Amino acid sequence: MRKWALRILFFMLFMLMSYSVLQMPGDIGLDSPAYNEATHHYIEESLGETGAINIIASILTDYRAFDTLGETIVLFTSIIAVISILRPSAKPEEEEAPTDG
Amino acid sequence: MIEFLQMLYDYVNYLGAVALFIIGLHTVVTHSNLIKRIMGINIMGTAVFYFFIAIGNVTGGLPPILTDTPGEYINPLPSVLILTGIVVVVSITVYSLSLVIRIYETYGTIDQDEIAKINERENADD
Amino acid sequence: MIEQLPILNLLVLLSTALVIPLFKKRTFNMTLWFGFFTLFFVFISSIVLTYHVYVHGAFYYHLGGHAPFLGIELLIDGFATFFTTFVLGLLILIYSYSAGDATEGISEKEYGRYYILLFILLFAMLGIIYTNDLFNIYVFMEILSITTCSIISIKRKKENYTSAFRYVMLNEVGSLSFLFGVALIYMITGFTNIGLVADALPDVWALYPANIILAVGFMVIGIGIKAAIFPFHVWLPDAHASAPSSSSAILSGIVIKVYALIFVKMLFRLYGVDLLTELNIPIILTVTASVGMVLGSMFAMAQKDIKRMLGYSSVAQMGYIVLGISLFSYLGLRAAFFHITSHALLKSALFLSVGAIIYKQKERRINHYDGIGKLMPLSMGVFTIAALGMIGIPITSGFISKYNLGLAALDANQTILIGVLVFSGLLNAMYYLPIIIQAFLKEPKTPVYMIKLEKIPLTMMLPIAILGLAILTLGIYPNLVMNLIDLAVESLGF
Amino acid sequence: MGIVNLIIVVLLIVCALAIEKMKDLLGAVIVFSIYSLLMSVLWLVLKTPDVALTEAAIGAGITSILFIAIIGRTERFEK
Amino acid sequence: MDDIIVKSITRIIIPFVQLYGIFIILHGHVSPGGGFSGGALFGTSLILYTLIFGVDKAQKKFSHRVSEIAESGGILIYLSIGVIGIFTAGYFLSNKAAGFPLGEAGSLLSGGMIPLLMIGVGIKVASTMVTLFHTLIMEERL
């Protein structure tokens, strides 16, 4: 029962979102609002400003390099987190039975 | 009718992204298996990224690597945001998978409902 | 040179986190002192920044020297500097406490990792407050969510794993919803810079309303989940209760406040009051906040575990903050900001003093706290001060924030909210007062083996005492921070 | 090009639904790997080779390997 | 796996995969790819090594200490290149303004700091992937 109610709910959410999507700018291409002066600047000036012919690389590690830094830190954090969970702890700790609070 | 179908066809990328987002959300919310929920998060993530890519698309455009070929380049910014996003979602996935291992070791199951039952039983014992 | 200070703060915190794993032998003391110096440096530099902004006004920092529509921009204004200074000051206290009590459930090998995570957490919080770019907010939010989850799960107990798992799932749904909102905004404006988007939105609102409505919905829900705003609070009590005490203080005192700050930033910087009023967001927020205030307190009353009770109390207190925000007025925002500071102090004081009690007595069930005030007068004394602040008794900072909230509600002609405030204060009293009475008036049940007065390391005692003093000081001289709060509110465009 | 796009989107939705329905987690992971590959092909069709490469390496490669590793250490079937 | 064919083929393949990964990292600014995909490929080759030859042998080649240094080191390279910008151009992570030579467009030595940052990211991603895999598949033992 609850399963079906949830399904209907999600379907309604889907219909709602589809309805909204159909009112969004659909003219994929040069007229779409996202293709604005910033995009033109990236395409036309990035070679002169960064020297890389791959525009994505030039944005990734020059214009928005701070995001990339943040992203490497996400990786760093995740590995610290995984190790802190999974790597066996010191020997005396291991012999203790897991205690409950 | 034809117009409506044509419209759906034009919006296929957006609609597909929305559908995948909803499917992913449904998987996260309704399933009690922890690994399934992590997969749901991944589906949701790719759906959002797909939406971004669809925004940047230009019909008949060129990939954003400067060449001598005449033509218009696609919008490069969404791709950049997505490159960051993919790695972020992978990190989250890995972290939650490591939690799953520990949960399996301590509870002997990876089913949310059973874990809740075990917890209840233990709290009742106190 | 002063312009470089914000980025320098971020870099210093980050390199501390990166250098700790490189020490060949990670002695605990060395890590601790190293971290302490870092924190102290960042704290001083952020005080300098606050002064600079107070005198010379806000400034922008363009990373890589690129124009804001191309690159990422940091905005350092009254809002950012006040809250970074506050967060850092509070964190120094909690840090010093954690030096004594990090042992709670964390094995010795993990100390180094705990502090790495702590510094990355701080880095993310500062970054998220400084930044003026939507996608950058998302990236920092993800760093924040992994670190907060892992400082819960670093304590190797099974309930920590499950609560961390639930937290990470909900957090990720929230982040992805936020990112979807960013995508919808980017689709119609083509920018991710908050200032430029805000300039473009009024024009776009006429053309593509569907985008904006969906984006507002997704972003409010996304950040609402992370800030534990009422209907999305399910993860909070478990997560905050199972974490080590110092982490609970950080999570409940600081992290959800930082999310509340992003919430404010998003509502007022990005969308603006006019657009949101047209979408009836203020009313929705007011209703959820009021319901959250009442229900959160009711849930708290039913708890037997003291840390879970404090967790539910945080849900109720987030209601106060959202209530202040939802009035969308100068006074309301001022009250909300004061409540953010005051509740951060109160909740940290509560969690730390409870942590000291747990450290000494190994007891978390409320009905076992008979006569504890006689055994541990200082911890329980600070607990009492903070609890009275939660209820809203005069001369504590809690009173000032409720008074300001009341004034703001009157100013907005919503007298019914005063009733809600008073009722919620009564509910608070109903679950905090019994603990105090029990602790001071009843006789201890098992006095034999711990009749000695509290013997707790000075590094743990001192922060608790300072927090207690700070609560009283703010209660008596609220103007100490009011000027800065005014500056912060003005920098949001009021 | 539009037709290819459409077909891939339909396949993606089918894969996502299959992932949701399957009780065998190992099977679900394999379908998930196919899903990621399809997604990367789709992004190649949409002219974003960088993202497609990353998705193929990270999404289809490493995520799937990790999922399989975890399923090997835990349970294979969903209840 | 004790199959001699699998082992020899893996021995032959792995250097090529690693070379390809390095190629992708270094050519990030002239062709699709870059630090993430290249690093992930490089990491995958080491994961392959682990799958075929076992964790113990792989850990000898890529010990905890190495991975710790590689992880912090990757980001520290990134940071230190960024900090150069503060001193020379007044902004963190400046490229052209900080005086990095841009080189001739399309050649390997172009793009100023971009390849350098990509190398940092690549080291980080590759070591992260391997360490994650090792940590996740390792049974708990002392």
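Each chain carries a letter (A, B, C, D and E) given by its place in the written order, and its residues are counted from 1.
Operating definition for what follows: contacts are C-beta pairs under 8 Å (C-beta built on N, C-alpha and C of every residue); 3 or more make two chains touch, one makes a residue touch a chain.
This is a predicted model, so every value here is computed, not measured.
Chemist: Which chain would you call central, comparing Cα centres to the global Cα centre?
Modeler: If we average C-alpha coordinates per chain, A lands closest to the whole-structure average.
Chemist: Using each chain's Cα centroid, which is most distant from the centroid of chain D?
Modeler: Max centre-to-centre separation from chain D belongs to C.
Chemist: Comparing the two chain pairs, does D-E have more C-beta contacts than B-C, or is it the other way round?
Modeler: B-C
Chemist: Please compute the C-alpha centroid of chain C, do the same for chain D, then give the distance between them in whole Å.
Modeler: Inter-chain centre distance comes to 38 Å.
Chemist: In angstrom, rounded to a whole number, how far apart do the mean CA points of chain A and chain C lie?
Modeler: From the centre of chain A to the centre of chain C is 24 Å.
Chemist: Using mean CA coordinates as chain centres, what's the gap between chain A and chain E in Å?
Modeler: Computed from C-alpha means, the inter-chain centre distance equals 21 Å.
Chemist: Which chain A residues reach two or more other chains?
Modeler: 17, 21, 24, 32, 34-35, 38-39, 42, 47, 53-54, 56-57, 60, 62, 64-68, 70-71, 73-78, 81-83, 85-86, 98, 100
Chemist: Which positions in chain C touch two or more other chains at once?
Modeler: 14, 18, 21, 63-64, 135, 139, 142, 146, 149-150, 153, 156, 158-159, 161, 186-187
Chemist: Among the residues of chain B, pick out those that touch two or more other chains and give their numbers.
Modeler: 13, 15, 19, 21, 25-26, 54-59, 61, 63-66, 77-79, 81, 83-84, 86-88, 91-92, 94-95, 97-102, 106
Chemist: Using the touch definition from the top, list the residues of chain C that touch chain A in their complex.
Modeler: 14, 17-18, 21, 63-64, 66, 69-72, 107-110, 113-114, 116-117, 120, 123, 127, 135-136, 139-140, 142-143, 146-147, 149-150, 153-154, 156-159, 161, 184, 186-191, 204, 207-211, 213-214, 364
Chemist: Mind listing the chain E positions that touch chain D in their complex?
Modeler: 24, 32-34, 36-37, 40-41, 43-44, 47, 129, 132-133, 136-137
Chemist: Going by the contact rule set out above, which residues of chain E touch chain B in the complex?
Modeler: 30-32, 34, 36, 105, 125, 132, 135-136, 140
Chemist: Provide the residue numbers of chain D that touch chain B in the complex, in ascending order.
Modeler: For chain D paired with chain B, touching residues are 1-2, 5-6, 9, 12-13, 16-17, 19-20, 25, 28-29, 32, 35-36, 39, 42-43, 46-51, 54-55, 58-59, 62-63, 66-67, 70-71, 73-75, 78-79.
Chemist: Touching residues of chain A toward chain B in the complex: what are they?
Modeler: Touch list, chain A to chain B: 3, 6-7, 10, 13-14, 17-18, 21-22, 24, 26, 28-30, 32, 34-35, 38-39, 42-43, 47, 53-56, 59-60, 64, 67-68, 70-71, 74-75, 77-78, 81-82, 85-86, 98, 100.
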